[in-house]
């Protein structure tokens, strides 16, 4: 039997069930429109302002660093896959280890630079700094 | 072993170095850089003497020298340039002799300039000596050139220097315009020369003068039916006709530089320059360059009888034509100017009629006696406080005897009086024209007749000049109390006077024929050298290709030689005698009125300037106007149209750069899709 | 086994969705996301044909592509931040002072 | 890459080859020197994060680039990767041969000039350490591009060269022009990179390999022509972006205009040459005309690209008012000339190697004259003179030496004798004719004539026009002057020095076809 029939059936079922459930419930439920129902859920608080507020830049900085360094680890995967078998096939430890050490070393230089240039510091926002100085005075 | 040939580049470089020194350091040096120039040309002279001795075989066996010094374009493997453009040296009897002449005259002119320029308190001396140095250097570079392109480049340099020197007194009115005229007229000839150089390259793929792969050798092989495939003729002409065209193109430059009819008009005007410069220009450098070029590539000209005939005819005509104009001139340098034109006409006549040796001979003797005459005239001009009018002179004989006797020697040579050098060389020129004319080329006889007639006029105007200047009674106060001249004027005059007397003895053809003695030294000199560059080879060529053979009058060759010599001597003496009877009187008067209306014609130089000005002004202007209309209307219209279309489309094209990056992305995608469609359809990806 | 054309079609579809996003969106971040989509379309091809041809070259390259994509995003975000600071918005059509 | 191949690569890295000979990986010395210098600069910047000691930073980067140049020159001179055949590394992923060294010489020369010039240009700017290290990282990416022998390394090295470039263009982050330029460059670059990657994936789909030689072999089977053809076209698109060829050129005018002028110089000379380096190798080695199926006619694509690129570049340049933008467009036009190197190839053409070599030589000369021209702009920016042609009026009265240099660059770019640009263009057109593509040469020559118009405008403004205002040039920037002079001397010296360049280029290009 063609495997695609099974996949197709699965898809049909997967799409059909939620649509069916929503259809049934809309048929059964009573319709009582009320403002509180359509309001944004904020744990019972009354929402104020828009959702589009400015976040501190540091959120993004850390996120960026995370993205970059996280993805770099992807490149270590192939190395880990062959590490053991390479050693078993008689490649010297140095030859197997050196490339990865160099790779990590380069990342470390980058991280060091980012650190020294204040990318990982939780720098105070101007507002926070101002508040702090006001308190001291 | 280090020989003379290793120092040949120095012959050229020394004057060039003096040019640099005079230009940049001249104002800090005593005499305005003159000493640098004198030292440099003296060094060049010594080296040239050494070179000549080497060529003659005195110092070893090597007697010729050909060396490529620098390949400045082409010649790399796998490059698209099919030709090698090189600088190289070619030292053979002809060029070494010319080196000697040029360096000698240049040296003497430098010395003379001390008297003519320094002692007269001229300003701008560094500029003057810089010009002289560069002038000498370019001429020497031209002489040693081993290919036509290099020759052309130095030829142009010579022209440029003449422009600078003739216009030396640029604050006056006449010299700059004379300089401009000299430059433009010779440039006019040089355009043809340039086209000729290109044609030579296109035809032969080389412009070398000497060797198996040289263009005269290739041309000869092509005409002889061997290796004709190496030669590309243009416009579908057969080799003979095409070579004639090429030869005539190069001849354009020669006619301009050597002041042959009809491009001679610049030369008399060039007298506006300082007199030593005139000496240098007329005796050894610029004007000689044209004739030298023909001699240099004579192996090529000898192959084309038409060109030879034209050369001979132009030469003969110029000789007569210029001589008649010299008859009526009032200014001493003007007379000399026309005599120069006339004498170069003789050389061209000789070259055209197969007298390679005769031409070279006359080139040499003329260099000496014409330099002498100009320097002598310079001496007179110093004495006369820069008044050049002969009618204001007279009686200078007693007051400046050195100048007088040297000038007289030069005049005798110029007039061709036995046994001065001019007699021998002019006689040989006429002899060659005569025998070859008799031998089956009657055209040459006409050229010969004109040359012969010119001898009479030469004798006349030469002695008219001598008598008016030196004899009789002083006609002005200045002539009565002339300004003295010093050793630096007299020295060069003496040296040149000796040469003007004796230079002819190296090639006394009639005497040799008469006595059977082996005294034709110049014949022997030019008969050796690189194969293909010898006088013997040339006479074979003229014989084979131009059918020049020797015909005789009564008495065989000897008789012909004697008759020819006697006739020309007789005519010269007749001319001189006429001058004597008219002008060697205490109070000479102008006899020009007796010429009637011919006088006006002669005074006005046959209206040559007028017709050329008319040509330049009216005809050329008319043509130019038409061309201008065409240019403005059609060519410019097209060009402007194209450029405005370009700019317009440019301003349209740049509009696609909208500045909005989304549009860029869209256009980029569109472009990619368009390429995809084109390539896909073409490559059948969609089927 | 799924025939390879299907992967190609899937990849092409995702590529075109990404391209569509680039051509229609003016928000720089959405532009970036669209580019990521296109890169992932390439990844699908690479992984799929790595299996098809039976070598791991494609898979390895897909890892590199992901890393490059991340680096590109990092730099892109940085540039978009300076864009926001200078132009006050992340609309790519705002920055159009240089043209022609 | 299969596992055993990877082991082979590792072994090659660690164990020296034959006795008495340098291990093979040392052939990568130029790349390594550039990368290590970049890292060292980062370390310097880490140790003293706020340093503005530009002498130290510029000195280190210039030294590093010069060392890389020296290593390249030494390798070229001693025949590394040429005499004994190309050196391949990491299971054929990288190759060091004459061509890669030739191009590395171009990149490193340009980097030397750019770093010297930046010493003055960046004075008073923050983040100088980052600037220099980014330049060197980009340069090492370019050098790797020239050495790439597998589409994987092509992709990685191309991105390694591109990503720092985006940041460099947007380096003046307070300057709206610079940011806008960076944004446009980045967005178009990202799009092109996506297209390029997709193209690689398609080629991989059609051939099952990323190594050039294997791709060529697989393609000769004639399967999957459509997919492979689309892949080839998209790969060409990626290179077109890097070389600023139409229709991937849209970033170039803005990026060159908005970027700091030394960066413009760097991008328009080195980055462009890098794009050509990798394009030459990929198309000649991976998609060779001799064996590729007839349906994939990439020569046609490059012919279209070449003609459109040079025409558009020159026409748009002719009407510019801003000198820097004019140079940007002229740089596009020159990309069109260099594309002739690929567009004038033909299967079995006798002069294939010569055409490609002539194009390489043109890029070499271009590296000097174009860098010099942009650095002159940098100097003018430093002086605070305006950017339009009118602002340049009478500049020669104030700075005659620099204006002589600029005139040399302009005439050389226009291809007038007696400057290096004349010979390189002449040879390029000549070889195109030799290989039977006279119409390409004719279009190129027509465009050159047009280019003379706008180049001479600069010269005319500098020398013949009267100043529209008074100049206050202030101090003489020594580094910028030195860099401009190096470029000028290089441009002039490349006239007599052209024969060895063209010979080297044509020899190394010839080995690609062998």
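Labels A, B, C and D are assigned to the chains in the order they are written; within every chain, residues are numbered from 1.
Everything that follows uses one rule, which is that a residue touches a chain if its C-beta (ideal position, glycine included) is under 8 Å from a C-beta of that chain, and two chains touch if they have at least 3 such contacts.
In UniProt terms the chains read A = NADH dehydrogenase; B = Oxidoreductase; C = NADH-quinone oxidoreductase subunit K.
Remember, predicted model here, so these are calculated numbers, not experimental data.
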item: Pair exhibiting more inter-chain C-beta contacts, A-D or B-C; value: A-D
item: Innermost chain, where centres are averages of C-alpha coordinates; value: D
item: Between chain D and chain A, distance of the C-alpha-averaged centres to the nearest whole Å; value: 38
item: Chain A and chain B: spacing of chain centres that average the CA atoms, whole Å; value: 91
item: Rounded Å distance between chain B and chain C, as computed from the means of their C-alpha atoms; value: 77
item: Centroid spacing, where centroids are CA-atom means, of chain B and chain D in whole angstrom; value: 54
item: For chain C, residues that touch 2 or more chains besides their own; value: 22, 60, 64, 71, 78, 92, 95-99
item: Per-residue multi-chain contacts in chain B, two or more chains; value: 654, 657, 659, 661, 665
item: In chain A, residues with contacts to at least two other chains; value: none
item: Each pair of chains that touches, named by its two labels; value: A-C, A-D, B-C, B-D, C-D
item: Chain D residues within the chain C interface of the complex; value: 1-3, 151-152, 155-156, 159, 163, 166-167, 170, 173-174, 176-177, 179-184, 186-187, 190-191, 193-195, 197-198, 200-202, 204-205, 208-210, 227, 253-254, 257-258, 325
item: Residue numbers on chain C that touch chain B, as the complex places them; value: 19, 22-23, 26, 92-93, 95-100
item: Of all residues in chain C, those that touch chain A in their complex; value: 60, 63-64, 66-67, 69-71, 73-74, 77-78, 81
item: Residues of chain A that touch chain C when the two form their complex; value: 57, 60, 64, 67-68, 70-72, 74-75, 77-78
item: Of all residues in chain C, those that touch chain D in their complex; value: 4, 8, 11, 15, 18, 22, 28, 31-32, 35, 38-39, 41-46, 48-49, 52-53, 55-58, 60-61, 64-65, 68, 71-72, 75-76, 78-80, 82-83, 85-87, 92, 95-99
